[in-house]
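Letters A, B, C and D mark the chains in the order given here, with residues in each chain numbered from 1 onward.
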Amino acid sequence: MSFLKIDNVTKRYGAVEVLHRVDIDVQQGEFLVLVGPSGCGKSTLLNMIAGLEEISSGTIAIKDKPMNGVHPSQRNIAMVFQSYALYPNMTVGKNITFGLEMHGVPKAERDAKLGKVADMLQITPLLDRKPGQLSGGQRQRVAMGRALVRDPDVFLFDEPLSNLDAKLRVDMRTEIKKLHQRLGTTIVYVTHDQIEAMTLSTRIAVMNGGYIQQLGTPREIYDTPNNIFVAAFMGSPSMNLLDAVIRLDGDDAAVEIADGDGAPVTLPLPIPAARLQGRDGTKVVLGIRPEAITDPDGADKSANTVVALKNVIDVTEPAGSDTFVTTTMAGKDVIGRMRADAHVHAGDNADLAINMDKAVIFDPKTEDRIV
Amino acid sequence: MASAPAQADLRTRLQNFIPKLVLAPSVAVIFLFVYGFIIFTLYLSFTDSRILPSYNLVGFENYSKLFRLSHWTTSITNLAIFASLYIGISTLIGLALATFLDQKIRGEGLLRPIYLYPMALSFIVTGTAWKWLLDPGIGLEHTMHLWGWESFQFGWIKNSDYAIYTVVLAAVWQSSGFVMAMFLAGLRGIDNEILKAAQMDGASNFQMYRRIILPQLRPAFLSAFVILSHLAVKSYDLVIALTGGGPGRATELPATFMYSYTFTRNQMGIGASSAVIMLMTIAAIMVPYLYAELREKK
Amino acid sequence: MTLIKQLKLSAAVLALTATTAAAADVEVLHWWTSGGEAAALNVLKGDLESQNIGWMDMPVAGGGGEAAMTVLRARVTSGNAPTAVQMLGFDIQDWAKEGALANLNDVASEGGWDAVVPAALQRFSKYEDQWVAAPVNVHSVNWVWANKKLFDDNNISVPTTWEEFEAAMQTLQDAGVTPIAQGGQPWQEATLFDSVVMATGGPEFYQKALIDLDPEALGSDTMKQAFDRLGVIRENVDDNFSGRDWNLATAMVINGEAGMQIMGDWAKGEFVAAGQVPDEDFLCFRFPGTQDQVMFNADQFAMFDQGGTVSEEQAALASAIMSPSFQAAFNVVKGSVPARTDVPDTDFDACGKKGMADLAQAAEADMLFGSLAQGHGAPASIKNAYYDVVTAFFNGSFDSETATEELVTAIEIAQ
Amino acid sequence: MSVATQDTALRTGRVSRAFIYLFLLLMALFYLLPFGIMVINSLKPLSEITGGNMMSLPQVWTLDAWRSTWSTAQIGVEPTGMRPYFWNSIKMVVPAVAISTVLGALNGYVLTKWRFRGDTILFGLMLFSCFIPFQIVLIPMARVLGLTGLAGSTTGLILVHVVYGIGFSTLYFRNYYAVFPTELVRAAMMDGAGFFRIFWRILMPSSGPITVVCIIWQFTNIWNDFLFGASFADFDSQPITVALNNLVNSSTGVKEYNVHFAGAIYAALPTLLVYIVAGRYFVRGLMSGSVKG
């Protein structure tokens, strides 16, 4: 039994359908992140859960109770907005308790809850200030306080960190995660930042063009993307996608790509040829994450299929912990991740190790994953 | 929208209904008192109404009469002159004042209300004051003569060919301060960093205004245009108080024309037809503008 | 409201005398707002108050009643017509045609109005044989007001023909005085032209052209000649006339800046107010060539129908207006002459006496003509079309030939 | 959003600064001149005006004209001065401004925060209504007022002014609320605030500047109206502009210029006051919405 059930939900504006038959079941205590580029429909979906937009067809139910047509304030949900949406004319304390006041909670109880939430978020000294006098991070806390004080069934977050600077964003991310772990609440969180999605979620729904492209745990999404879109969207730097041709030889399966000089290179696949039956010689798209292309010493020792080859390094980007290198394969830039002390330089014809365990193969026409 | 209204709870349905309910009275009165009356006027323009509305249709007779009246042609020409000069000059002066006032001027707090106050006066007061000042017999010319500048001459208000410009003068006096306020608000809203960037790029003051600042004032220009053009079209009191439409009929505008045919000449049909022509002109100018503006915002 | 009024009326009928009636109010729409006019109206107000009838004042000044007529239109349309309204000439007829005016025949026959009001005036006060308005006064517009000292100093005698008039203007011109004080509003220019047309073409022509609106007469050479003469007068007006109020023009004659003003008899009030005495300080004479005619306009009070009957207050107001005492009191102040011809002229000054005599004589000889410029020649649309052409000519937009042609077209469109 | 002054100033040389000051001062003179002359001449006895130079200061300073205009000048038959008409105007303007402003604010709120299909068209229609020439509405309006029994009453006048004021007040508030964060409204909605509660508690407290602009605009227009006041008022509800007209446009008698000017100034006083008191917020208000289009 699911806690929040999104069943066959569609959204139309006039004749234009912007969300197509979305199904998601969220269990109690889950942290679901909706991620996707802007315009993918993730905010629309969130707003429909909140009751801020009408549902064109389908059902959204919380605790088995259909929410279609139920007023936002009656759904026992709370939302943190991108701009925090703090009421500029009210003090922090007022902002937090406004919802309780609207629901007719007596003053004493309001104050008690306010005190508790303020303690938890460490904003007690700010309670008498107006939002205009707060820093970005403080506003963010107040916004969360406003959501927390309601003690809702479901928390909704609409890109809550996108207005913060990089450092603060990381801090707040951690804080949200802690909060989730401590309170065990159910959260639906919208973001366009895949790192946030990966770090925070228990499950991710990757959306594009009004469709759910993939719904799964961060690991599943990362390692076995359903299609090229998910593969390219999740991960940074993003997955290398190369044109390749399947070569089957008895039980062995391999793909052939062109190296930096245009010479064919065969990369064995760690799967039986039977899984690619009938595809011998067909064109495919080979996806390899940057961390699967390393210097030989940095290769994953537990991996079964590691291919060594030499290729010319075009650019190196030392990032401190690692060094990213760009090389050319199959006519495209390919990014690899080497150890910081791998000592490669631009122009070197360096040794590379490719961990084919992590490789995925897509059908170029349907863009869906084959292996 | 095709949702599931059957499932909506009472509160939500009420909440969906209230906004429309709140808007309804305004929409209703606008439809009745503006568009209803416009249709009524359109109807009257095809009747032989004289002192009171009559419902006897006569086809396009009023329109054909209207365009035979040299008097109507005069008032249309006058409106063209008046509106273009009034809008143009008010905008220029307003822009100049706002620009200069924005140069960290000492005493800005005192100057601003001085520029702004004429807008507070009714056109009747404005007209009376300027009529006096412009009258060669008692006003500026007379004073200059008393002060010994015998050759000073400023008799525009008595001259059929120039009187319309005195109407422009008084109208500009009244509204340019308001335009100033709009531009000042626009200027104050411009991001400083852009200006700094432009200065770094080596733009001269003049170039900076022409290339960077003016284009950003576009919304202010448009607001000023709407307000000024609506004032220009409706200008009635000012003409009546300043020149009474004279000398002769030299400063007659469509608004005064419409009024005099409808009310003092008891030719309501012709008055209505002139109103229809005027409304059509306004619509021809405003509808594309409103369309562009409102569509953009969507 | 109506019911109450009817009840009151029947009460009044039962009591057989108006004075015992219960108090009610009259709301009077008018444009007599200056000190002298208001003082004159106060006579009427006092009269009514002595009969326990309250006076609710609704003044709307401006444009010789134009503003008031607009207000009236709105008030009538809204079904909230004032009790009584000051009105001129054809406006009365137009409103009567709309069926808005109350029938005053009972009051009129009681007061014997038919016998004492000149027939030319009755043409406006009655609609289809019903009295619908009570005339207050008769103004005449073919007057010349002159500064006596300037006439004496320059040896000018009262001109009786156009030629003498032209000569008088020339003499004044030579003496360095503005010969004609003229106000620059269309109605003033047209009022002047009324007299010029009468003098140029004679009464028959005036009747034909400006009252019967015969296109042939309107476009005739006589009309062109009248415009020519108007042009001559224009040359004797200072350049600063445009927009000037008529009483400022009168002031020019009073203080000797200008020699003459051609204006209705209301101008006399300004002389009197300035402490001047007719025949001693100023002269009043008929526009040369119109000595036998009186071109008039008359202020009247029309009573608005209040539910199909004349209310008792309206009756009281109407008879108060027509009472000889009020007619005398009011007209002495206003400068006009009483609308009834049987009012003794004892209280009037020389000009007033002359005016009364002229009126009686003209009424007798059928030489009483409505002034077109004052709305007593033709309806408002024609009057204004006439203004358009005359003022355009006077301000130099037309020559006399174009003006004559334009007059024909303008009046045709206005009909 | 705090405006007062901001550094859009450019570096300018001394000569150009001198020129700027000269221009600004000359323009100030141009704006002050007509009204200044009215004030000066309203303080002179009549003889000094008709006989002398209108630009010279009074030799004898007197408040007679002011006194008589206020309480004894002849307006119609009664020598009541402008006092009663002044109160008539107040009685009409205050409710009319209040109602049209509140309606405008509500309309703006609905049109931006509770959007529905066709709202833009409705707004366009409302906006276009600002351009209707008032002369054409007189007759049909009179009819409507008559049918509703409001003819000749202050209530009727208030109705008329509200109707023709809605267009502009809606325009002001709509443009202001268009840039007001919709998320605030949504947050309040989730907090359980209803339509009106959101309006009063969330939007209204932030609407100060635009309310000032709207009030100034409406107050000026309604106070200064003559046409409606003359046409739809009764003898006991005529506004001050009609009284001023009666005072100034009397057809006969000596033109008492000093009284006329004093009357004109009385008629302009409340609007001037509003501009001076609220003027500082005016530019601020314009900035925060209406000129942003």
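The rule is simple: contacts are C-beta pairs under 8 Å (C-beta built on N, C-alpha and C of every residue); 3 or more make two chains touch, one makes a residue touch a chain.
Please read all numbers here as calculations on a predicted model, not as lab measurements.
Asks: Leaving out chain A but moving nothing else, do the remaining chains stay as one piece, and if not, how do they split?
Replies: Without chain A, the chains stay as one piece.
Asks: Among the chains, which has its CA centre at the largest distance from chain D's?
Replies: Of all the other chains, the one whose centre lies farthest from chain D is A.
Asks: Ranking chain pairs by contacts, what comes out on top?
Replies: B-D
Asks: Taking the mean of the CA coordinates per chain, how far is chain A from chain C in Å?
Replies: Centres of chain A and chain C (C-alpha means) sit 91 Å apart.
Asks: So how far apart, in whole Å, are chain B and chain C when each is placed at the average of its C-alpha atoms?
Replies: 38
Asks: Quick one: report the Å distance separating chain A from chain D, using the average Cα coordinate of each chain.
Replies: Computed value for the inter-centroid distance: 56 Å.
Asks: Using the touch definition from the top, which residues of chain C touch two or more other chains?
Replies: In chain C, residues 63, 70, 73, 76-77 touch at least two other chains, as defined above.
Asks: Spell out, as numbers or ranges, the residues of chain B touching 2 or more other chains.
Replies: 1, 11, 15, 52, 259, 263
Asks: Could you list the positions in chain D whose residues touch two or more of the other chains?
Replies: 138-139, 141, 245, 248
Asks: Considering the complex alone, what residue numbers of chain B touch chain D?
Replies: Those residues of chain B that touch chain D are 1, 11, 15, 18-20, 22-23, 25-27, 29-38, 40-41, 52-53, 93, 96-97, 100-105, 108-109, 111-126, 128-130, 132-133, 138-139, 142-143, 146-147, 173, 177, 181-182, 184-190, 192, 195, 205, 208, 213, 218-220, 222-223, 230, 233-234, 236-237, 255, 258-259, 262-263, 268, 271-272, 275, 278-279, 282-283, 286-287, 290-291, 293-295, 297-298.
Asks: Flag every residue of chain C that touches chain D in the complex, lowest number first.
Replies: That would be residues 27, 30-31, 33-38, 41-42, 45, 55-64, 67, 70-71, 73-80, 245-248, 266, 269-270, 273 of chain C.
Asks: Along chain D, where are the residues that touch chain B in the complex?
Replies: Residues in contact with chain B: 3, 5-12, 17, 20-21, 23-24, 27-28, 30-35, 37-38, 53-55, 103, 106-107, 110-111, 114, 116-117, 120, 122-141, 144, 162-164, 166-167, 170, 178, 194-196, 220, 223-227, 241, 244-245, 248, 257, 260, 264, 267-268, 271-272, 274-276, 279-280, 282-284, 286-287, 290-293.
Asks: Touching residues of chain A toward chain D in the complex: what are they?
Replies: 47, 50-52, 71-74, 77-79, 81-89, 98-99, 102-103, 146, 150
Asks: In their complex, what parts of chain B are in touch with chain C?
Replies: Against chain C, the touching part of chain B is residues 50-52, 65, 68-71, 131, 135-137, 155, 157-158, 160, 163, 243-244, 246-250, 259-260, 263-267.
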